[in-house]
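Across the two complexes that follow, chain A remains constant while its partner is chain B and subsequently chain C.
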Partner chain A sequence: MRTLYSLAAAISFCVLLPPPAQAAEDVGRVHEGRNRDRLRSVQGRPVLKAGRFSLSGTYARTVNDALVIKHGGGLTARYHLAEGFAFLLNGTFATSEQTDYVHLVRYERRLVLEEPELKSHMGVGFSYTPIYGKFSLFSDWILHNDLYVEGAFQLVDIAGSRQPAGLAGLGTRVYLGQAMSFELGLRSLMYATEYRGVRDIKNLMFLNTGLTLFMPLKNLARRRR
Partner chain B sequence: MVPGGQRRLIAVLTPLLLTGCEDHAFYQFKPVCARQVNEAQALQRSRPVDILFVIDDSNSMIEEREMLASNISSPCGIDENPDDARCGFMEQLIAATTSQNLPDGETYFHIGVITTSLNANTGENNPGGVELPRFGCLFAGGSGIPVVDSNHGNHAITLVSDRIRAINQGGGDGFEQGLESMRFFLRGDTDEPACQDHLERFLRPTARLIVVFVTDEDDCSHRFDRRPPGMDATSCYVEQGGIPKIPVEDYVSFLQGLKADPDDIAMAVIGGARFDPDPLNPGPESVPCNGTIDCERGQICKRQRCRGSGDCAAGNTCSPSENEPGVSYCLPEDESRPPGLCVLGEAAGCNLDPRGTALPTEDSINPVNAADRCSVSGGGAGCPVPVQSCQPCFGDRSLRNEHPFCCEAEAASRYFEVTDQLFAARDEGFLYDSICSGDYRGTLRDIASLLVIVPEIELLQPPADPAEMRVEVLRRQDDGEMVREIVPYHDPDGGELEGWDLTCARACQDLCTESGTCARRWLRFHGDDRPRPGDRVETIYLTQSDEEVCSPLVGSSQEGGGP
Partner chain C sequence: MLPFATLLILAQGFELDLGGESPEAGERTAPVARSLGRREIAAMRVAFKARRHRDVLVLATEFLEGKTTAGDRSEAAWIAVRSALKEDLPRMAVILASTAIETGLGESRELALDELAPLLDQDATAMELAPILANQSLDDLPERWRGHSAYWVARHLLELEVVRREKADAPPRPGAKQAPAPPASGVVLDFGADDSPQPPAPEAAKEGEVTPSPERPKPRPQVEGEPPPDLNRARSLLGEVDRRHALFGRSRLLAGMIATAEGQDDAAGKFFRQAMVAGPRGVTDLATLELARVLYAKGEIPAALEQYRRVRPSSDDWGDALFEQAWAHFRMGNFGRTLGILEAFDSPFMIDERRDEIEVLRALSLYENCRYDDAIKAVDRVRRLRPAFDRLSEATAEERAAADWLSLYRRRDTLEDEILADRLRLLARNPGLRRTIEAYQSAEAEYARLVGMALDARAMDRIERIFRGQFGPMQTRIGHRVLNELTAQRVEIASLLKSAIAIRLEVEEQRTRVLQQQLRGARGGVVAEATGDPPSVKDDELYWPFTGEYWRDELDTYHVHLGRSCR
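Our next item is the complex of A and B:
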């Protein structure tokens, strides 16, 4: 568990860090020879999302539940109304797996966990991308990234019964070209439950990773002003 | 001031910041929910059986003997299906001859028939020379075969039924002495030259013995030399001043001394019905007993004798009987209530049989039906002729079967006393049935079940799921070694002929399978998988969970969270 958190934190840290100041100062001063290993400067946004569709396939796994691990796969379709805003339609199917802790308390304490578990969730929402950036990978590649937040109304399927839920997410995309990006993010799914008279609000946090395909595969032509 | 864009960002991110580790509600179970039961039961080794029928040969028993002769056999498909519920007494015994694992050469059953008469062998009413029952001798019915045994095969059915039908061709004795007749024969007291070897041929020291009494009168066993002169058979049933009878304790001690093992003796009485109402469901004529003459306080009586009205419950008054001088009964003050039913076999009686038998109860008669009703003095709405018993039961004997609980049988009280004393501390080994029953097949089948070891085993608990049950049979080989064999489940709907299944009760008939609500705890085997006497059956299963015990305790949830 700690490893996962550490990994997520490291990735977030790397992604959110602004490009090194030194790179900015060296713009236009890259020469062969002495300065060969300095960062190249890349201007502008290589991937334009406005007016394009994207489809993300992701693997999701809960990261805040030590007792029941839920993991599964999902799809998210987005229509990017503007560079920073998109409507989304998503769906995720998950399976639940009780950890050894649950079996341990069952036999040692005669406590049993038999709550109905989440099977799937799906819904509609929006995505907002306020932050853009780029970073150098091994000093050879300049990769562009952005950070987005998303919110969605969801219907969760809990052992056959459906009920409303809310989804909030924070993630980053690392663009691998005009048509594809790698996606990593956290999604928080909140819904209310009542089982055997016990009411509870569930807040499942999923770590999502996946690939996004943009359509059309190339940027749309910029409008000239 | 925080810019608007950042406020939106903060609002969206807030749920993420509030996210902690996920909680779960645990429930605590009581320690026992579904308990695994491991059972091992050995089918007892089978034993040969000697069956002695003591049959009332009086004239009043003509129809009953004919019915007994007919009911002793019920053809069935026992060769194809050993569990065929239609199989009669003789069919079961004959089939058991090969299934009981007896040592080679051992004869499984001996059947003998004697009667209750002392003087039926006078021959006065037998000008045709038909064989008559003789006191102390087995009655062969003219067949020349006093003991019917399993070596006779299917012919045994004819041999037994024919001799039952042949009883009383010359007229029986009015003094029915079933108990003394039994003892006289089993003690070998006869001096008849022709039957000196009957007892030796019939009774085996290693065999179990069952005595089946079939009579519509009480026992009148008495010392011949002490019978007061001039007394006829009716003096047998007079409580005071009648024929002094041999105490039943004498017969009890005789039977106890006959076999070393008490389990080797069994007894069945098909006799006059003993009043056996259901205390939990008294009929409109049942009288709560105040605890005086016939019963203890709290018992339910049909007609309670009394000394005064104080002995009777509210709504009843103590009224002298018109037919029994000096005897009073608690009768309803409201004369419109039916004061009694047809059965007068026992003038007064209480719930003397708390063990509960299959005896029909007088409450079984519908009091609303006028034809089922009559008054003590005779002649209710259904009794046009003012006689003591009601019309359907009197005169035309063919109507008896239409009113099976309505017949003129005297209660077989002394026989009941013998069984009560002989089996006082036991719940099995004896059977009762009413001679007024319209059919004796059920009782005869029950008698066979006392003798035949059937491969059915009662489990300690009803299993929760038969599909999860494991059944193994340890089969005894000729050399004594036990070989373990797993027996598969028998799907009755799948046409399977072997395996095991669960049923509601031993020899369960359609009645309990239709309801489907009974606890299926009898393990029944089929076909070649049936264990045989001497085999051992081992079962492993989970008991049915008790909802009250096993459901999670609401409110005892405990939160368990991650890191």
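Our next item is the complex of A and C:
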């Protein structure tokens, strides 16, 4: 499992990098010539999001808690108002699991285990997509991707009591056709806690990965043209 | 497992000459025809039941050349057709079936006709059966044959019409007293681009006119003394191809081509749209391209552009669609897009799609944009075609047999003559010619397999004569077609060279005017000046700056920001 996590982290690192011009068979080197300084490509977006809904099913796992790992599944529904902007509605259910490192803090173990756990969170927010890119994969496919940031107001369920929280995220989508994309991102969930008289602000960092389905399944905007 | 003799022939990179008469034909003694009858037919049946198919074939060749009744010959051919199919000798089966179908007799006819159906599923064998089926009534054929037969016969009739028109339009050969003999019959109608009408052909530009005007394809005049192939019959035959039939899409495409050939653009457009829906993909792409050409010829350029863009990049027709898009943008005055598309042809992905006209179109676009220095450079690149013109003039003036032209084509990758090799490689992009030569080569391969079967010498003599009779004319046709195509290239280059000179003169004239204006201290007219604004990008578009690398998915989206325009 750890290998899987490491792999996921490595992939996320690679994908989140600014999209480079990949040297592959899809991309031919040029020789000196004419007009190259004035040449540019104006390409239709392969996936048009404006006016469409999307539903993402994601697996989420915390990456910044060495003792208790929270992981679970979630859904995010978005309505894309424009190509770069969307409203979102999300919800995630999580379970907790101790790591092997718990025995290293045996004196505080009771404290760790007895602290009320996050069961779920849900809320509304927005998503903004300022950067797009593409890369060549295995010399056969050219895949488009983009980078989005998101912010949301959340309600977290901690041992049955609900309280407000904020969510900020950064992620990338790799488009697998007009109807689907692979999604990978980091979400930071921040909320205030009070345990045994100590007030604190918790920041749970989730690594999210999943698939997004766009509805309708075909681009809309080209039909309107 | 292939017999050793076949392997030996294949390993030697065989090029069995099936053309014309065998060199030893005259020296051999004429075959002694013996009388054949029911006894031999019975022997064939026994051999067939015992699965001694080679014996059946040997006996069948005797029937083809021996003294017998039409009924017995037909019956023998039908039995042998089945044996040829069992031995996986489809071309032999076609030869035998042709004999049998023509007589229309034989007890085994129904059975063999039924087994022949796979031959109509393969283009090479179906094309060879078509001239025979053309004389048959559809009602005499089994139900499952009718759709195929209707399609292939209609296609054969259109081929004859194309050949007739080619004959009327054949370009003259340099140094030759007469034009080369055009193919007699059966030239393969290209389901690529070669034989189909080409509305965006830049004839106007080739003649040196700066702004070409659209020309609608016109029905050509009929050659005197020859009845035209019955295109009405072809049309009605295509009506027999059912909507659920596998060839329905192709039949609609063919119907569109017939309508185009007769100058009926609206009907052609309707047929091409039906073909686009019916598919399969290759047909859809070609139908889309043909529809775009019809729209272009009608002067509906934006609609034509929309169709050109629908041709998939993975299609064989994409290169043509892209180049014709460049012309469409030129017609609309989008010189930046025209130059951008032409730039894509310089990319490593488009090496096989090189076209001689590119530099002429580039020069025209630059000239229209008052970029005179760049236009002159483009013109100079057109003039680099001069050695190719000279070499083609020499080569096409040489007296060679048709077989030699075919042989030259097949040796194009090993020729020391680089210019000729290059022109022959350009020829190899022609899908129609490529397919015809592949069909001929597969006949050669089948003949090699027959040689490898080590039949007795007399049987082999007969088989050789039969194959030569069938494929010799085909070899001649292909050889003539290679020569015709090279001659057409030469004519085209001559036209481009003339255009280059005309553009150069025009540019120099404009430059002189600019200088005269400057001397007078005046401005306006032909002076280029900066316009500045880069192309705007809509919300549903992506902008990719060019960073020194071509991307395959961007080839049809390039845009040269000229930054200048004529006042």
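Going forward, the second predicted complex is superposed on the first by the 168 of 225 C-alpha atoms of A that agree within 3 Å, B and C clash if a C-alpha of one lies under 4 Å from a C-alpha of the other, contacts with A are read in each partner's own complex, and residues count from 1 in each chain.
Just so it is clear, contacts are C-beta pairs under 8 Å (C-beta built on N, C-alpha and C of every residue); 3 or more make two chains touch, one makes a residue touch a chain.
On a predicted model such as this, the values are computed, not experimentally measured, just so you know.
Colleague: With both complexes superposed on chain A, which partner does A:L89 reach: first (chain B), second (chain C), both or neither?
Modeller: After superposing on A, A:L89 lies clear of both chain B and chain C.
Colleague: Report for A:I142: first if it touches chain B alone, second if chain C alone, otherwise both or neither.
Modeller: So A:I142 only meets chain C here.
Colleague: Scan A:M180 for contacts with chain B and chain C and give back first, second, both or neither.
Modeller: Neither: A:M180 stays clear of chain B and chain C.
Colleague: Scan A:L48 for contacts with chain B and chain C and give back first, second, both or neither.
Modeller: second
Colleague: Using the touch definition from the top, say if A:Y132 reaches chain B (first), chain C (second), both or neither.
Modeller: The answer is second: A:Y132 touches chain C but not chain B.
Colleague: Between chain B (first) and chain C (second), which, if any, makes contact with A:S188: first, second, both or neither?
Modeller: first
Colleague: In the superposed arrangement, which partner chain does A:A77 touch: chain B (first), chain C (second), both, or neither?
Modeller: In the superposition, A:A77 touches no partner, neither chain B nor chain C.
Colleague: For A:I69 in the superposed arrangement: first (chain B), second (chain C), both or neither?
Modeller: neither
Colleague: Can you list the residues on chain A that touch chain C in the complex?
Modeller: Against chain C, chain A makes touches at 21, 23, 26-30, 33-36, 38-45, 48, 50, 82-83, 132, 134, 136, 142, 221-222.
Colleague: What does chain C use to touch chain A in their complex?
Modeller: 339-340, 343, 346-349, 374, 377, 534-535, 537, 539-554, 557-563
Colleague: Going by the contact rule set out above, which residues of chain A touch chain B in the complex?
Modeller: 1, 62, 64-68, 101, 105, 109-115, 128, 130, 149, 151, 166, 168-170, 186, 188, 190, 195-198, 200, 202-205
Colleague: What residues on chain B touch chain A, complex-wise?
Modeller: Going by the criterion above, the answer is residues 5, 8-9, 12-13, 15-16, 18-29, 31, 552, 554-555, 557-558, 560-563.
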